[in-house]
Every structure is written in structure tokens, then in C-alpha cells.
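Structure incoming, see below.
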Amino acid sequence: MNPWLLAQFLWIIPAIPLAASLVVLSLKSSRRKTAAAIAIGGQVAALILSIAVFVSTLGAREYRAFFNFTWFTAGYDHIQFGWLLDPLTAVMLVMVTLVSLCIFVFSVGYMADDEKFTRFFAYLSFFTAAMLGVVVANSLLLLFVCWELVGLASYLLIGFWIEKPSAAAAAKKAFITTRIGDLGFFLATTLAALLIFCGAMGKSGQFPLHVWLPDAMEGPTPVSALIHAATMVAAGVFLVARTYPLFAFGSVHGVTPSLTVVVWIGVITALMASLVAVAQVDIKRILAYSTVSQLGLMMVSLGVGGVAAGIVHLLAHAFFKALLFLGSGSVIHGCHGEQDIRKMGGLRTIMPVTFFTYAIGMMALSGVPLFFCGAWSKEAVLDATHHWPVSNLPWVLMIMGVLLTAFYMTRQMIYVFFGQPRSASAGAHESPSVMLIPLIVLAGCTVIFSVVLSPAWPWLESYLTGDHATLRWGDLLTSTVFVSLILVGAGIAAAAVIYRRFGGAIDPLQRAAPIVFRFLEERMWIDELYERTVVRFAKILAGLSDWLDRNVWDGFVRLFAAAGQLTGILTRGFDERGINAGVDEATTGARGLGWSVGRLHSGKVQGYLGVVAIGALALLLLLAWLA
Amino acid sequence: MNTAAFVVIAIFTLLGALAAATLPRLIHAALSLVVGFVGLAAFYILLGAEFVGLVQIFVYVGAVAVLIVFTILLTRREATERDPFNWLGAIVALAVFGGLLWTISHSDFVWQAHVPNQDLTVRRIGDALMTAYIWPLLCVGVLLTAAMIGALILVYEEK
Amino acid sequence: MSLGLILIASSGLFSIGLLAALSRRHAIFMLIGIELMLAAANLNFVAFWRFGPPSPNPHGALFAIFSIAIAAAEAAVGLALVIAVYRHYRTTSVDRMTQLKG
Amino acid sequence: MPGEALDQIFVRAKGSILSLLSGAPEWLVQIVSALISITALLVVFPGLFALISVLERKILGRFQNRYGPNRVGPFGLLQPLADGIKMLIKEDVVPTRADKTMHFIAPIMMLIPALLALSVIPYGRNMTPFAIDAGILFLFAVGSTTELAVFMAGWGSNNKFSMLGAMRAIAQMVSYELPLIITVLPVVMIVGSLSGDAIVAAQDGYHFGIIPRWFVTTPWGATAFLLFFASGLVESNRTPFDVPEGESEIVAGHMTEYSGFKYAIFFMAEYLGMFAISGLGVTLFLGGWHAPIKALEIIPSYIWFFAKLSVLLFVFIWIRGTLPRTRIDHIMNFAWKFMLPMSFACVLAAALWHFQAGGLRGWLWSFALIAVIYAGLSRLLQTGRRFAPRTYRFAE
């Protein structure tokens, strides 16, 4: 099919979920089945279309088509909107639609007994629509619009259980933190790369702005899966990839200052997050931090020039992280909403399907080679980082990151699935099939992906970069394979050793090094830090403006009154010297004046109306006087 | 004759309006408002906009006044009590009136002898409404519907 | 009869409306005042149409018609509000409606 | 044409009177001609009122199998005279707690619109007292002011029965004003004018040479006419819609506290309103002063008009003699759930007719449309409780 024609109708893909969400929103909250049917139907349609697009892009190389139209003309500059279709877009489309389809199906089971069921699906569809919009957007402006929509949707979803104060707070936090980033992005639409990266940092929870991501776990688990696996967090990475030329502008063999910044931010994020993840006890928080670290990984890969590698890892990560989140969701569902992994355990036998799928996800995440896509993409990233001319430190640090990842994932596995059932997992049960099928599908994807990703036949990577993939078995044995193999093995082994005979009592690490553990458990006190600095500052600002407000409003009333009183006091002084008693009148008069001016600010409509009339009169006279 | 008619109508209208604004009892005020509106309609007819005048009577006397009266009935308790009068408002209103007078008297355009446009036939209004003003017409239709529904919802009390 | 006279009359009408809107406490009085002011504005429209430059469409008069329609809507909603408020506070004095709390 | 002299006799008379003061200033002539028309109206319609008042009593008497008034004068035709005298000399009672001014003004306010409304109806060829461009609109405009008069009567006499009656009256008048006006719309749409003369002129001629081109002969016209007549019954507070003065419940509604001449004025105003509505109906649907058959056009136009008018008035009386009083909430439901949609249906049908350029196809199309909508409405309004055991609601 003619690519340009195709590009012209690209908008349909985001439009479908949007329409679906609107329809669902207008439904009565009792029409649960209809709502789910419509939303999922929309997803299926979008998925089919995306696959069609993807397939049609397969043949050509350097496939690149876009469609622009002038939204409106302000003075002489036209505001252009448009859609862009290239391998990146196509892949992202398929990924987003597929993953969110799985999530939709999953949440049919997960949200089964929530009274705001329909609205939930409306929000989900809306979110997907916005995300797809980001993917297909051509101009930075449109991208920004969709970007903000994504932010809004995530706000709605995270705060879905708004009656939980923590949820509301988390929603606000996510919204504001990402806003801080988006501010940068918004400037970036006129300015340059680094500011764009601010936006990316916000959405992808990179180091200074990562705090919202773990808190976002207050949302329903499918939401966590959608936001933190597939879509929103990926948006940042996607953004950087999309605007990569801006970053790479004027590069000396692939190194520019901005890219360097990206790299270091990414590295810090990755390492810090994986450190923190070691000490968490909330199943979803662990996953969240792992997400953060993985995103850091992707950023690094982009920064060092391995764009394709980064994107590939993004896709892979999307699948297995969605899998993990849905798995955790299934676990939570099974444990009746319990999220503390210390209370679980022994679920291996109770919920076998969840266990196996989860295990696949875990191995993909921690990068066990050969059959799990995570491994290959991670290889690629590490490889790219290894060849970074600037310094080797990122590579080393990321190696540590990988080690830690393997470690904490194993820890989590042991906590949750092995050992004896503890308080929460005692009465656990396997989830309904409507929740299990998505898990299986995603697990399948994870495994299948490992084929198209393997360095032996780096099909996807070459598809993205636009050249043909060739089968080279030798590449299976790149240097990093062994390294990471060793690392992963080490990590898993360490965790296995440490937690081998763990009985749900105090965490061995904690016993070993309490201070450090506490430090990590408290997430390095970064939130507290912000609490002390940013928020405090904001509060002060608010207080200041409030104060100003009061004084601006009735400042001059007080002034009058004060003046009156002052005169009063003075004149009383005169009086007491027995000069003039009549001055009392003046003071009372002045006080009365102040009081009467104060009357202006009674909350009475008519008073205001009168003031308006007088003002209009004054304007009229002024006009007449000028003429 | 025109000017004489004008003076009569003006006095009629303004007296009605003044009564509407100052009478202590709400019900009397509402009814004298009707007088003012009738006077206004007479104004329109005098100005050759017969249709507008009739619409004025139709809408204001037939609909708005009845609405007001009904509201008075439904809020009976206070409708019968005397309403306080705030003289500050009178001063402001007087000031505004003075300002308007001053500006009108200083504008020479309004005092020139203009040749008046010929009277407005219903057909012309209809043509204008159906061609140049079709969108405003539709919008007003929508607005009225919305207002009606909104008013219903506001006063509806479910048993 | 010249434009000026009519304008004076309409300004008088407007001021009376303002008076009603400013100095009466009863919500319905305010509404009456607003209606009067609107009426004054309409009178101006018609007057300016009458003595203005000739044009194919009688814009002034049409404007008056539209504003009459809108005024009707406004009156309907306003009075509905008055009734609703009265049900809630048992008062129609704009001074005694002091809290937004339902 | 033959009867031309007889037809135009009144017009000629007026012309000759005006010709007396040729040379007088133009405004004087205007005023005089206006005065002439006014006097004519003031002579004819009160007279008609007197006549109808006695005829109604006689007809009702026949309906109820008894003689009507037959003592005063030949066949009791002077009965209204006697009534008038009685009313005049009766004591005029005004309640002490009443709002005197309003109590006084109300009947006048009642009478004026009725008279004004009568002044724009074409009674015959060139016989429209005040031929204004928007006559129909004028009629409705002044007609809509009667509600205020009713309210004044109710509030002024400071009596709960009066108040109740007034509220009922206003409520039903307001609700039936919509169908009344919307049923007029199709005619106005087809004719393309708001003036009575133009509307009558548009109904000149005959289909196939026999059936007169009155709008009532078209499906939409017939429907609109029926709806119009029903709404007219309500507007003039006649049975079966006379709940505002339902003596069995609220003594005499807003007229409870009125006696003597004021009451007479109310009475008269009511009848004049009835005349106005009927006259309007004749003008809009029954071809105004046109003769039903070509041969009968010798008979002067005004006679035709009054003939049709009196037929309508007879139907008014007939209905009063036949139908029982309706319940107020039933009246309201009927207005909003049936009358309004049906009148809109008439508008649609008229539009259809117009775009079919009249003729048989237009006839069929609009008939089909109205039939469909009517069927749909009656199906919708089927509450299903029709034959269910009746539930009585008692006042607490």
C-alpha cells in the first residue's frame, strides 16, 4: 500500500480508542459488560490496524512517510499538525496496542468487583489513545499535546481510587512531578535537546524526577502495568529516540555534551533504583524500581548511541514488565489485596500458572540468556555501552546494576513463591482464566521475542536501523554474554544463598547491615529531601502569596483605619495637653472613613455592581474627556 | 406628532420603570414593570420596528412578567413583606444617568437630523433571519432549549 | 424626534434599571433591574438602526430581537435560581445568601 | 360582481364619513377613521355578547330538556338587558383585606386585550379595522396579557380560592399558548405573512372548482384546526377546561370576590375572548369571509364571516352542554404530552405539503406523516393503567 496514503490515515489508530473511551464514558455505570466489550473491541481494532501498518512497513527499507496539514495560521507562521510513519512508529504502535489489549483483558478480571468499572475502562482507553497519539505525532507541538493528555490520563488512573487519600496524593505527585519535566519539554518545543530530555526524565522517571513512579503504585495494578511497563514511562525514551537527531547534533564520533548528560543520568538512575529495589517489601514497589532502573538502562543506551538497542530493550521490557506487573496483580488478587511480600510465600504450588509466567518474566528481566528477550536486548545495551569512547565507568556501574537486578528479582521470587505460605498467602487462590490468559500471552511474547532479538539474527534491530538482518551464530558469543551470564548467575546464586532458609522473619540483609538497609528501604530519603526542599519552598511561596493577597485586598482599608487611629492617638495626645477637643471628631471621622472603605469588600453582589457602575462611569467620562 | 407621541410614551415608560424600581411591594413593582415594557413596545412601534414591539409585548408581558409573577407566588413569604431601599444605589444610578446625559449632550452625531430608515416589514426580518442570521437563529434556538431544560432541572424537586 | 432624545430616554431607563439592581435587596428586584437595563440597550439598538445608515439587513432590530430572546432565557434561568435558592435558604434577599455550602 | 354594493356598504359608509373632513390634517383623519372602527367594534361585539349570552342559556336549556329564559321580551330575547340592569344596580363588594387598586384594575385589564384582539380580524372584504402587517402576532401579543389580568384578579382579591383559581388559569393558559401558537405556524408558513388579510386572500378559490381552498381542507390544516380549537377552549376557560372557575371546587376562581358590574365585565371579557379566538380560527382555517360555494358569493362577505363565527360559537356552547369538567393535571399532561407534539407534527406536515407543491401527493404525504405521528404518540401515551382499578387520592 502506498505509504503516504497510509500515513494520511494513521490518525485512525489513536482515534478508535478515543472514540471507545468517549462511548464508554457516556454509558451507565451499570452497563459493565458493554463497557468492557466496547473498550476491548476498540483495542482489538487498533491492534489489527497497527499490525497491518507494521506489515506494510516491512518490505521497504528506509521507510519514512508523513502527512502534514495546517491546523491554523497565526499571522505568518502556520501551526502544522501531522502524522509520521516509520519503523519506530510501527513497532511502537504494535507494542502499545498489544500490551494494552492484554492489560484490558486482565483488568476485566482484576476490576471485576469495582463499582467504577466502566469509568476505569473509559480512562484506560483514553490513556491508550493519548499514548498512540504520542507515537504517531509528527510535529513537536502535537506530540506535546498528546504528551499532556497522557499525563492527564495517568493522573486519572493513578488516582482512580481517589477515596484513598494516599492514592489522591500519589496522583497529585505524579502529575506535578511530570509537569515539572513537561515545563522543560514545553520550552523545548522552542529550545533544544536538553530541555526535551527534561520532559523525558519526567515521564520516564529518571533520577531527579523519579519519585512519583513508585508512589504511582497506588493505582490499580493493571494501571501500573499500563503506565509503568508499556506506555507512559516508555514515552520518555521514545521521545529521546524520536528527537535523537537533536541530541546527536554536531557530534564528535557519537558524543555530544547532551548525550553525555543523558548517559550519566541514566547510569545514576539505573544503579540507584536497583539498589533501592533490593530493600523494598512491597511487591509492586520492587517492580516499579526495577522499571526505573531499566529505563535508566535504556537512556544510557540511547546516550551512548545505541538507539536501536535502546528501543529494542524498550520493547522487550514493555512485554516482560507488563507480564511481571500483571503477574503481581494476579498475586495480589489471589492474596486479597495484600502487597507486602513478607506476608506471602509458598504461592508456587497455590497459583502455578502465575508462578511460571512470573518466573519467565523474572528471568527475562534479570537477563537469563538464550530464551528470554530481556537478556538479548540487555546484551545489546551493555555492548553499546562497552564501546562508549568517553569512559568505562557507566559500563562498570551497569554491570553492577545487572547483578543487583538479578539479585532482587530472585529475592522477590523467593519471598513470594517459595518457602512456606505465610499470613496473606494462606487463603490464596489461583486467579480466574480471564486474568491468566493475558499472562500466558505476554509470557509467550517474551519468549518469542528472544528469537527476533537474538544477536545471532538481530532482525528487529536491523529493521529499526533499516538494513537487512543476517544470520551470524558467532555473535551469540560476544564478550558480554559471558560477563552477564556470570553476573546473572552470581546474582541469582547470592540471593538464593541468602534467602534460602528465609522464614518470613526479619530480612537477612537487614540483620547484616541495618543502617544501609534502612537507607535503601527509605528510598535514600529522596522523597524526604524533596519534602524538605521543593515542597517546603512551594509552601513558603504559597504562604507569601496568600499574605500578599490579604494585604492587596484590604490593605488600603487597613491603611485608612490605621491612619485614622494614628491621627486619633496623636490628637488625643494634643487633647491631653488640652489644646483642642474637636480633634476627636477628626479621628472618629477618619475611622469611619476607613470602615466605610472597608464596606467595599463586603461579599455583597450589589456593592460590586455599584463599583462596576462607578468604574464604567469613570471610564466614560475619561473617554469623553480624551475626545 | 411624532415628537409629541414620543414624549408621552417616554413619560409613560419611565414612570412605569421607576415604579418598578421603587415600589415597596414586589408584586406592584412587577406589574408596573409590565407597564414599562408596554411603553417600550410602543417605542419600538414608534420607531417603525413594529415586529420588535410586538415581540417585546409577547415575550416580556406574556412570558417574562408571568414568570416573575409565578416566582413571586412561589416565594410568597417574602413577596408580601416590604423590601428595604438602599439610597447609595440611588446616588450611583443618578451619577450614571448624569454621566450618560453629559456624554449624549456632548456628542453631535446624535443631534444631527438623520433621515430614518423606512419601517421594518415582517418579510424583511424573516429574510434576514433565514439568510444572514441563520446561524445565530439556530444558536438562539439551542440556547433557549438549554435554558428551558436547565430551569426545569433547577426547580425540579424529586419526591 | 431625533436620536438624541431616544438615547436620553434609554439612558434614563438604564439608570432606573441600575437603581433597581443596586438598591433593592430582593433577588427578583435585581432581576427586574437587569431586565430594564437590557431593555434600554435594546432600545438603543433599534434607535441606532432607525437613524443609522441604511443597510440591506436591519442589523439593529435583529440584534434587539435576539437579545430579547436571550433575555427571556436569562429570566427563566434566573427565576428558577431564585426559586431553588428560596427552597434552600427560605429567603430571597441577596444579602442573606451568604454561604455557598449546600 | 353582483353583490358588490351590498358587500362594500360599510366600507363605503366609512369612506363617505371620512370624505367629509377632507382638507383636515392627515393625523386628524387617521384618528377619526380609527374612532369610527372602534365605535363599530364597540357596538357589534357587546351586542353579539348580549345575544350569545341569552342564546347560550336557551340552547343549554334545550340540551337539558327545558326552556331557557323566555319571559323577558319576545322569546326572552331582552333577558340580557334585564341582566345588565341588575348587574349595574347591584352592590359592588370589595373585600377589606383586598389590594384595592389591583382589584379594581383587573377587570379592565381583562377587557382591553379582548377588544384589542378583535381589532385585527378581517370581518369582510376590505373590512379589517386595523390592518397591520403582523396582525396575528398582535393578536397573540395582546392575548397573552390576559394572564396578568387574571393574576391581578386573583392576587388582588386576597382570597385563597381566587389565588388558586388564578394560578390554575395562568398555568393552563401558559401551557396551552404554545400549541395555540404553533398550530398557527403552518398557516403562516404556507401563506408567508402574518397579516389576516393575506391569510384570507390565500384561501380564495376552489379545489377542482368545488372544494373551497380553505386550509381546513388540508390534512395539516384540519389537524391544526382541531388542536387550535381545543387550545382555544382552554384559553377562554370554557368547559371542559374551566377548572379555574370550577364552582364545585373553588367557588368561582379568580372571580370569586367580584360582584355587580365588575363581574359583568369579567363575563363579557370572557365572551369577547371567545369571539376573538373563534374569529381567528375562522380567519386562519375556515377561509375567513370567503363563501363555501362559488354560487353563494352574492351573499356579502361579512355575513359569511359571522355565519362561520356563530357556528364555532355554537360548538363552544354545545361542548359546554355535553362534556364534563377535566382534572387540572390531566389538562396539563394533555397539553405537554399530546398537543405540543401534535402541533409540531402539523408544522412538519405543512412543510411537506409545501415541498410537494400542494396537490394530491402533498395531501397524501402530509396526511401519512400526521397519521404516523398520531399513531406513535397514542402508542407512547398508553399508560396501560387504563382498565386497572382506580386509585383515589385524598387531600391530607
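By letter and in written order, the chains are A, B, C and D; residue numbering begins at 1 in each of them.
Here is the rule we go by: a residue touches a chain if its C-beta (ideal position, glycine included) is under 8 Å from a C-beta of that chain, and two chains touch if they have at least 3 such contacts.
The structure displayed is predicted, hence computed values, not measured ones.
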Residual chain clusters - subunit A taken out, nothing else repositioned: one piece
Chain closest to the middle, measuring from C-alpha centroids that were averaged per chain: C
Chain pair whose interface holds the most contacting C-beta pairs: B-C
Inter-chain centre distance, subunit B versus subunit C - centres from mean C-alpha coordinates, in Å: 6
Cα-centroid distance, subunit A relative to subunit B, in whole angstrom: 57
Approximate Å spacing (C-alpha centroids) for the pair subunit B, subunit D: 28
Euclidean distance of C-alpha centroids - subunit A vs subunit D, Å: 72
For subunit C, residues contacting two or more additional chains: 18, 21-23
Residue list for subunit A, restricted to those that touch at least two other chains: 606, 610, 613
Two or more partner chains touched - positions in subunit D: none
Set of all touching chain pairs, with the criterion as stated earlier: A-B, A-C, B-C, B-D
Interfacial residue positions of subunit C with respect to subunit B in the complex: 1-9, 11-26, 28-29, 31-33, 35-36, 39, 42-43, 46-47, 49-52, 54, 57-58, 61-62, 64-66, 68-77, 79-84, 86-87, 90-93
Of all residues in subunit C, those that touch subunit A in their complex: 18, 21-23, 30, 94-95, 98
Contact footprint of subunit A on subunit B as seen in their complex: 86, 88-89, 92-93, 95-96, 99-100, 102-103, 106
Residue ranges of subunit B in contact with subunit D within the complex: 1, 27-28, 31, 34, 50-51, 54-55, 57-58, 61-63, 65-66, 69-70, 73, 121-123
In the complex with subunit C, residue positions of subunit B that touch it: 2-3, 6, 10, 13-14, 17-18, 20-22, 26, 29-30, 33, 36-37, 40, 43-44, 46-49, 51-52, 55-56, 59-60, 63-64, 67-68, 70-72, 74-75, 77-78, 83-90, 92-94, 96-97, 100-101, 104-105, 107, 109-114, 116-117, 120, 124-125, 128-129, 132-133, 136, 140, 143-144, 146-148, 150-152, 154-155, 157
